[in-house]
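Take a look at the structures below.
Presented sequentially are two complexes of chain A, the first with chain B as partner and the second with chain C.
Up next is the complex of A and B:
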């Protein structure tokens, strides 16, 4: 591997404890410039349950591209959505939309309307973000509906808010370690300047004093362009550097990039901010740049459209909510040869067969490959432990598999299943082709479901116990009162003086007087 | 299904292990005669037939499961552990027991707690101790060498057409029978001979040479499995180092009473055991540290059984004993998980 030398660049010697080196398939799509996809005439957006109550639009209403569809003041743990194209809202409501659970989701459909002149919505420009208050920048990131574009789609404003003033280093994740995906690579090659500005904005909002770009050594051109952009960045306020690591999957996992770049580990069940770090994906900080500097909300993203069924694979700006159907039509894909497509990368992605499904903010890649000739079924585990060799977090997947298959949840928790990052390296190497990650996902969801149930039952048990105690206490108090009263009565009876009004003594005195008198009379 | 996979299957792993046995099998045929080849045929076909029958009974897919080659591998391993002129029905009992009882009744491939080949072998060793220790001397010192036809006759009828039995092929020039070097030295040490005196005997030496080359051939096959990353280095290396270390310490204590470490390393089933038997993933320990402990313990037990035990070789017993311990070893050798303080 040719090493590109520069004062901004250092090469890390650190390696993942496991990891794999699958064929990259990246050259198919990373040589062409990012193109703009022919806009679809219909988009469909999924509305997060938290936002259903707070929609700003109704059916039949015309919306401009970029217009916010939800009320920003209610967006805290969710993220804002905006109209990806101009047009009329034709449908809002619960519809089945290809979710694996088979349940309906609330969706919103927008169709282009050529009658009405479109007027793209933009935010009020921030003239010079360097002079803007950090609260204003934060508010803009929140308003723009930015989420983690590396695949997790976690609301960025939420992540930033929980890291604010706790972190000293911002790591920009440019690893892009999964095969086929090249959208971050292309973004870096073409928009390095904008990306570093986005990183500067993010770092200043959270109060970081250092920015590190973490990138794999297979993206030489991106490294060069990034280095040049850092050299040319005159308004530099926060120190920037590039750390290049050896290409291996999954170096781009949040915990893994931290380990590779800093040598530190995020403690189990906590966030990177607990060790002073914040990780943001390349495309995410580019979206932050667009929101702050270009005043544009997140309505489209770069998606790698690749696979052997596309004549010219490459990267495209695709509006959020574009259907696979539209992609198949515009890219001239022979759908007779296509059984399924992969959303995301081949290792962590999701295989879909319903062409009505749409791209999300998190969709970084869609792979259209010819369907495989034969589908081999899984065989029994022979405990070869190849999975253990490649596991980047040092789990023992062969044991996890055994316990998952036998539904032994306690044993799974003892084996730290919650630390599994679901990278799929184990599935990739398993000679028996067991879909290990599927087992682990299932086990994790069962465990959290059971835990919730247990917590609830513990709560109600506590409630019941408290009630019993309360009743017992009331009973005891009553008993005590009763006893006290009785006691008081008894005491009162005892303490009653033998001659309360002096009657007896008066009688006795009278008798004595009579006696005396009689005696006197007898004398 | 989304199949993005590195492409090596369980069947390939098993088939490669079968291929890696070829050098050792050739050497064993060369030094122990045609009987080894006949055993290989009997055991392989018995193992496959037994697997097919029991799969049918268990209502499992027969053809697909046979294609994982695990039954074939078990058959081949048993064959290579048996004396060359063992009566055919004993081989069949051993292989059927290994496949049906030790493997399939526990649930088949992946579920057997014990190494099936070694269970089959130990069953035979305990049931037929005389036949199971009737090894042949090296060809160079043997009085008679059985031809292919004679071997077939001996295995299937017990006698050749000329009326000879297995024992007549075990004689060497001076009219004594010759056992394996490990057996021979055990008896000799018990009668008061010194280790160096035993080693100095010409017949013993020529016999030892045969076993040396057989072990070398298995070593070559085993190393190629390691290079192909079919097996990991942990178990074979820790096992061999442990044999070397233990036997060296014993020799240092008293070189007259104990065999030199090279004899222990290159005779009997040492290399076959280290690379092909102890490495059976299903019944072995699976963690890194666990594999080292597992291999080293087997090595230690091999030396102890060979030196102080009642049997001349101890690979099978050592492996089975450690099979029992493997789950416990795994439990206590889990690696430290990312982000956690301790194990």
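Up next is the complex of A and C:
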């Protein structure tokens, strides 16, 4: 392996507990420069439930490319969305859009409209970000709708806000460990300078004092260009270095890259900020650069379009919300040979068969391969423990599989299923072709459902008990009042003089007289 | 001499232990029957009374006294299984007299028809209905256990009990079946030769 001699580069010899080394399939797409995809005439965006009430546009309205579609005040736990192309909003509403559940999601469709002149929307430029307040930079990141572009799509402003002033090191994740994907590799080769700038902005917003680029040793050109860019970066304020690790999957997982680079482990169920670290993906910091320096919101991203059905696989700037249909058309893919496409990498991605589905902010790769002709249905687990060897978080997948299939949720929690990162290494090595990760997703979903049900029942129990107590108290109070009243009445009766105005004796006298009279008459 | 010393030491130790045990039995005394709390934790806390007891805790007390464990439809088969495991009993079928296992429901008041009689408020075991006399009432959906107890007292029949709808948020990943093998398509994509 070629090793570079540079003061910025060091080689780490740390390894993950498990990990696999699948064929990379990266050379198919990483030799060509990033191209701009022919713009689609229609894009479709998913609207998060939190944002449905805060849409700024309505059906029939014309929007410019980059125009915000949601109200920025309400995106604290979500992220802003912007029009990826100029055109007219033709549809807003709940439609089935490829969610596994078959349930409808709220979507928004924009179609190009050549009648209207379009002016691309841009933010107010920040002249020199070095002089700008960190609040202003943070606000810009939030306004630009930036999310984690490595695949998780977690709102970046949310992650930054929760690690502000708690972290000293910013790690830029350039591992890109999954086969086929080369978008971060190409970004680093072509835009290393901008990525560095983006990293500097991010580090200064969170108050980090050090930036580490973590990268695998299979991306030689990217390492070289990054090193050169660091060398040439004169305005350097925050220290930067590159740590190269041996190529292995899944070195790009958030907790895995931390383990490889710092040797520290993020505790179970907590975030990297708890040990003073923040991890951002390469494409994410590039998007931050675009938002702050070029005043552009996140409306398109680099997507690796690869597979044996594409004549010239490569990386493309693709507007968010572009349909697979459009990709098939513009890339001349023979759809008769295509049964399914893979969104994301082959290990963690999702296989889709509906060409109406669209790219999202998190879509880093789409694989178009000829449909496989092999039968690979699952067989019995033979307890070979191959999955145990490759698990990067040292779990026991075969045991987890056993408990998941038998719905033993307590046992699964004891075996720390929540630490599973669903990387798919176990599924990849399983000789019985058992879809292990699917079992774990099912089990996790059931466990969280049961937990919620438990919480709900605790709450109901408390409310029921409180009501019982209240009813008991009211009853006692009533009883007390009744007793008090009775007591008062009795006392009043006692205290009353027996014949205050002589009425009683008058009546008695009258009765006696009547009696006397009657007796007299009888005689 | 040694015998006397030995006897002395042993008896002092015995007194000390006795005092410690006596202290512990007062200090750490368990209030109530702990098995009732454990049973109550398993019951679903819908407080629906379908078991014939006025709430989940009374039913838990009854079970501790030997009542059958199969009288809770909202708890379903899973509930009976958990109770059987806790009490080391056999798993039995749900008692049909108590009702059927249904999907979770929620009470919804048709608000324009409500006359404000407060009868449902008094019937709700978890205080999930808000409103005042001669004013409209409404159900706090997140607190409603779907127990049905508010329906019979309503003089104008304005309470519906629809099933809780699954949303994307409450959707659960299904168990892998023979039909779901999509992971392997991706696996072939890696293992094939360029």
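By our rule, the second predicted complex is superposed on the first by the 469 of 523 C-alpha atoms of A that agree within 3 Å, B and C clash if a C-alpha of one lies under 4 Å from a C-alpha of the other, contacts with A are read in each partner's own complex, and residues count from 1 in each chain.
Note that contacts are C-beta pairs under 8 Å (C-beta built on N, C-alpha and C of every residue); 3 or more make two chains touch, one makes a residue touch a chain.
For clarity, every value in this text was computed on a predicted model and none was experimentally measured.
In the superposed pair of complexes, A:27 makes contact with chain C only, with no contact to chain B.
When both complexes are overlaid on chain A, the residue A:437 reaches chain C alone and has no touch with chain B. Touch criterion not met for A:59: it reaches neither chain B nor chain C.
Of the two partner chains, chain C is the only one touched by A:461; chain B is not.
Touch criterion met: A:267 reaches chain B, while chain C stays clear of it.
When the two structures are aligned on the shared chain, A:445 is found in touch with chain C, with no touch to chain B.
When the shared chain is aligned, chain B and chain C each come close enough to touch A:346.
After overlaying the two complexes on the shared chain, residue contacts for A:469 are found with neither chain B nor chain C. Shared-chain residue A:105: touches chain C; no touch with chain B. Contacts of chain A with chain B, set against its contacts with chain C after fitting on chain A, overlap at residues 22, 179, 340, 342, 346-347, 349-351, 372, 376, 427-428, 433, 435.
By the touch criterion stated above, chain A contacts chain B in their complex at residues 17, 20, 22, 179, 255, 259, 265-268, 270, 340, 342, 346-347, 349-351, 372, 375-376, 379-385, 388-389, 392-396, 398-399, 415-416, 419, 427-433, 435. By the touch rule above, chain C contacts chain A in their complex via residues 40, 43-47, 55-57, 125-128, 143, 145, 166-176, 178, 180-194. Listed in rising order, the residues of chain A touching chain C in the complex are 22-23, 25, 27-28, 49, 99-101, 103, 105, 179-180, 307, 340, 342, 346-347, 349-351, 367, 369, 372, 374, 376-378, 424, 427-428, 433, 435, 437-439, 441-442, 444-446, 449, 453, 456-461, 463-468.
Across the complex, chain A is touched by residues 1-6, 8-10, 12-13, 68, 70, 108-111, 232, 281-282, 284, 286-288, 330, 334-341 of chain B.
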